[in-house]
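One structure coming up, written as structure tokens, with questions to follow.
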Amino acid sequence: MVIVMKPSATKDDIKNIDALLKKLGLGVHISTGSERTIIGVIGDKRLLADTPLELMPGVDRLVPIVEPFKLAGRTFKPESTVIRIKDAEIGGKKLTIMAGPCAVESQEQIMQTAKFLKSRGVQFLRGGAYKPRTSPYSFQGLEEEGYRLLAEAAKDVGLLVVSEIVSIKSIEQAIEYVDIFQIGARNMQNFQLLREVGRTKIPVVLKRGLASTIEEWLSAAEYIMNEGNYNIILCERGIRTFETYTRNTLDLSAVPIIKEISHLPIIVDPSHGTGKWKLVTPMSRAAIAAGADGLIVEVHPDPTSALSDGPQSLNFETFDTLLDEIAKVAGVIGREW
Amino acid sequence: MVIVMKPSATKDDIKNIDALLKKLGLGVHISTGSERTIIGVIGDKRLLADTPLELMPGVDRLVPIVEPFKLAGRTFKPESTVIRIKDAEIGGKKLTIMAGPCAVESQEQIMQTAKFLKSRGVQFLRGGAYKPRTSPYSFQGLEEEGYRLLAEAAKDVGLLVVSEIVSIKSIEQAIEYVDIFQIGARNMQNFQLLREVGRTKIPVVLKRGLASTIEEWLSAAEYIMNEGNYNIILCERGIRTFETYTRNTLDLSAVPIIKEISHLPIIVDPSHGTGKWKLVTPMSRAAIAAGADGLIVEVHPDPTSALSDGPQSLNFETFDTLLDEIAKVAGVIGREW
Amino acid sequence: MVIVMKPSATKDDIKNIDALLKKLGLGVHISTGSERTIIGVIGDKRLLADTPLELMPGVDRLVPIVEPFKLAGRTFKPESTVIRIKDAEIGGKKLTIMAGPCAVESQEQIMQTAKFLKSRGVQFLRGGAYKPRTSPYSFQGLEEEGYRLLAEAAKDVGLLVVSEIVSIKSIEQAIEYVDIFQIGARNMQNFQLLREVGRTKIPVVLKRGLASTIEEWLSAAEYIMNEGNYNIILCERGIRTFETYTRNTLDLSAVPIIKEISHLPIIVDPSHGTGKWKLVTPMSRAAIAAGADGLIVEVHPDPTSALSDGPQSLNFETFDTLLDEIAKVAGVIGREW
Amino acid sequence: MVIVMKPSATKDDIKNIDALLKKLGLGVHISTGSERTIIGVIGDKRLLADTPLELMPGVDRLVPIVEPFKLAGRTFKPESTVIRIKDAEIGGKKLTIMAGPCAVESQEQIMQTAKFLKSRGVQFLRGGAYKPRTSPYSFQGLEEEGYRLLAEAAKDVGLLVVSEIVSIKSIEQAIEYVDIFQIGARNMQNFQLLREVGRTKIPVVLKRGLASTIEEWLSAAEYIMNEGNYNIILCERGIRTFETYTRNTLDLSAVPIIKEISHLPIIVDPSHGTGKWKLVTPMSRAAIAAGADGLIVEVHPDPTSALSDGPQSLNFETFDTLLDEIAKVAGVIGREW
């Protein structure tokens, strides 16, 4: 960390900070310029985490030098993480496709979808049992029954299940049905939930928050990892901007950035990232071309009757096109589908 | 709701929609223009909540006409809500000031603050027992012990307690110590938490989410109200924008907007809203001048030793200045302090 | 357009609006719901452009139905526009690559770059003669001399020249040296400049403004087209968001959206869109995969000595990699490089 | 400036940078930590402005320590600037009110407004001759005739004239009619225009760009000041965010920030800042309470017939209320109206 002093800082101000830092066991380097002094602080920044240096006399501001996460960073673990669940791998050469309806609605709907996905080589069935909806008057999901229907369909055809958990109670329900927990954008900084999920060893898809920087996203991953669960799959799903044409702005540059600064796998959600089914296929091609390890896509046997997110869901036919197109892109960038 | 058809929509497309809407019991008005047809839908929009009309052939897009909240709206309840807790009123002529440290750190710290606040006529003591922090390595709060210390100090001097709840477990702990629950910005769309709080009748300070529109904020209030708890105090605390000089961008225009479209009281948090203690007093004056019903402010006996948010906390002396200044502004706009 | 009336609107309010609209020669459809009346307005919305209907008694708000642009829209011209300049085509099957240094610095620098690009099959040489820089103390470009050096180098090896114009004076200077004008993000709503460029027939690369919606961007194109110049190439170059890791957030979803709603070609600028040279190649692959007609990329013989934008420039070696990679992606999505 | 080296930087990397900086005449302080080395650079940062240090081997990133502006900063000039034009002062104890229609429409309209404003003690008449409009089909202003009508009306009743200039041609037209130039949000980074205005000595209202940080805004002021014109009045007019209820998000925290870091006066535009006339008075009270030196407000004799911005304009009656209310707020914070 670098402490930038005010032009008006006195020698005593600097002496006080020097003394405090040394008392905390930190190394100190003082550079005196023509206008200002800056103080470099060396050592474990956690020693400083709760000391409000900004308020000490003469201090102008603090400049963090080291990123706020550690376990999630590539400095800590240089080789890329590959997560293995039964016969599936996430983060390896083969792309990971998670697909299914936004919400589990009925046995028939989820069974039909599961069979279709299996026949296309997809390994992960996604579906929402708890649906965080902006309005309390919208369909909120089948809850535990939803997890059960998912698991039955998946078991029947041989798929792995991905489903969102939204509370400690939902973790308890999901734990016997679900292979991968999903933490939604609105819960990315629900730190109680992150910690609870960290105490299980179940893999987690961690979606980026609507207004979260990449650093905050990796810090959220750090909460889970700090409890011992290292099986995290990051998921870019769009951030909120001033543009209203799309539901969110899909930030695909997050893909190569995560690949550079973190060892965790990253997938992309083009369905929430755009909010419009017509944009899902081109943005899926782009995600794979940018280097994503896979996709999570909304697919519904009949989007026009879907109880939520119909407008951004593919049907079986358009999903087939998507698979064809990403297979081609994967082939030319050293991946497989 | 208005359904805007594509220029290429056929007569059959329009007929199909007309039939569907009528089947749902809704009124339909069709306007055929030179380029497009638009269809006005009349009746309870909740009948449509889960029907993805956007996907029907010929539909270009839907334009919502009625706001997504009802119980929180001034149309539903024209007179302003005044919340009464013991001898205090929120939303009345007298301003509401909630003050105290970001985090409860020790009995001495909270007791000293409580005595000071009481001596200045403040009625609400705030303090965090659970602290949502970006990094898992920062101080996370004293948890239940924090609630207890707050309640003891408050009881001793005669104050009411405001404290954040972050999970169902924390609600259970807080319920015997706290007079007002606070729901933080990061939990504004933690719908499980909203519903749970809705089932108590305890007043709630509902902070605006970092990336939440005013409509989404009122929809979050609606979740609580829909469970039967109407005692909601909205709190503007800044939104996330591209500006980095302040921690957040305090959106004071939310104050007169809420006053126009909702009956709920609204207070402002200039501490989180700016992140810098020097900006707290001018922005507090501005908040009161804009029509806010009060403030929630971070005050600490010694901000330079605070375990969290020191840089945005006032000390006792600067808090005295704040009270003086808002009293003057209150006096000229028909409020009292 | 739809006029949404307030719940409190009277019959007279509605009658007045009806009368006004009819006087303006517009068609009127009135739908009376249980809570509100909505009024559909049919006809040329330009008749209404300067009538502040929002202020008429009883009006709650206006909902525009038709997009604000016409000439730039695919409804107006269904087939995609292909722009031909000498032997080059923009918007056809073959990708368009515009490359070169951020700023023209010297004859040697630009000559060396031109030869290299020509040898790689690139058809367009870009370089800045006028550089809009945030600080007045940064290098501002060689001005007219810059245009001259560009044109000489291009002529020598057989390339076409793309360069930014920033004022009417710069248009007058550039017109004899430049094949394509570039309008930068900061000038996207410099309407005097748009109109002036519209009066020439010279093709224009119109960059999206930092805070411009897609609709505003197409409206800026409309300013140019309305003066008679239809040769517009849109360029997505990133928008401003809260994320600070990248210089801007490259909004690749703009590519398929523009392809759907406009007939104009669209290219992508991954250099400004990310601000980091390491992200340029992955985001270029993604842009082509999303359907872009080409790229505009910063290439410099020695980025470490560049007078501006060095950190986001490729050198000749990394540019070769970029060309290899986009050629592969182009091949699988029906394009050519 | 601080140069943060990568963990992988070698001793040679550090030696190279040290040598380069010393060659440029800059002071160097090297701090070697357990994980990284950081290098403090001391001296005139302009020596470094065009050297892309980020690209040198071993460099991770640069951290600027000193703000990018100088002449606009309070370090350079500690006392607040007061601008005097004839008998008016901007930045003194008395508030500055600039008022008038968005666009000059006719002699009658502007004359009627001028008389009204004079009778209320307002000193500055504002009105647009050139109107930057999103759509080319909207009213674009009376151009030179507009400046003339403004000047006639102002001279007749004894007011000073504020009007927007949008190009060098418009500066030439305006210079004989206008007392204060206005640079609009869309032109805040039209650097040619800034420089041209800098060469006159005519005071300038410089509006903040829609997506401009406070630092960029002050850097734009620096462009004008660097040419010799120090008479700058900053104007906060709202920034673009995700909130759609208001036209922009008025960032009132900019007021106390500017007061702290700059010596220039700052006024607020609540009309564009909100886009809704009902919000103008509460946000004006808030602006004054936050410490603004004045307001620029849209007033029209008959907003319902205004050719632009009617919905955000006050009429004479509501403007009277505004003046009453801000006079009261001014009185309690040491200002006058």
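We just call them A, B, C and D in the order they show up, numbering each chain from 1.
Keep in mind that, in the parts below, contacts are C-beta pairs under 8 Å (C-beta built on N, C-alpha and C of every residue); 3 or more make two chains touch, one makes a residue touch a chain.
Remember, it's a predicted structure, so these values are computed and weren't measured experimentally.
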{"item": "Touching chain B and also chain D, the following chains", "value": "A, C"}
{"item": "Pair exhibiting more inter-chain C-beta contacts, A-B or B-C", "value": "A-B"}
{"item": "Centroid-based (C-alpha) most distant chain relative to chain B", "value": "C"}
{"item": "Cα-centroid distance, chain B relative to chain C, in whole angstrom", "value": "39"}
{"item": "Whole-Å separation of chain centres (CA-atom averages), chain A against chain C", "value": "31"}
{"item": "Whole-Å gap between the CA centroids of chain A and chain B", "value": "26"}
{"item": "Of all residues in chain C, the ones touching two or more other chains", "value": "211, 240-242, 244"}
{"item": "Contacting residues of chain D [partner chain A, same complex]", "value": "2, 4, 7, 27, 29, 31-36, 38, 40, 42-43, 63, 65-66, 75, 240-242, 244"}
{"item": "Chain B residues within the chain D interface of the complex", "value": "211, 213-215, 239, 241-246, 249-253, 255-257, 260, 273-274, 278-279, 282-283, 285-291, 325, 328-329, 331-333"}
{"item": "Chain C residues touching chain D - in the complex, by the definition given at the top", "value": "46, 49-50, 52, 54-56, 68-69, 130, 132-140, 166-170, 186-187, 189-193, 195, 209-211, 216, 219, 222-223, 226, 240, 277, 303-311"}
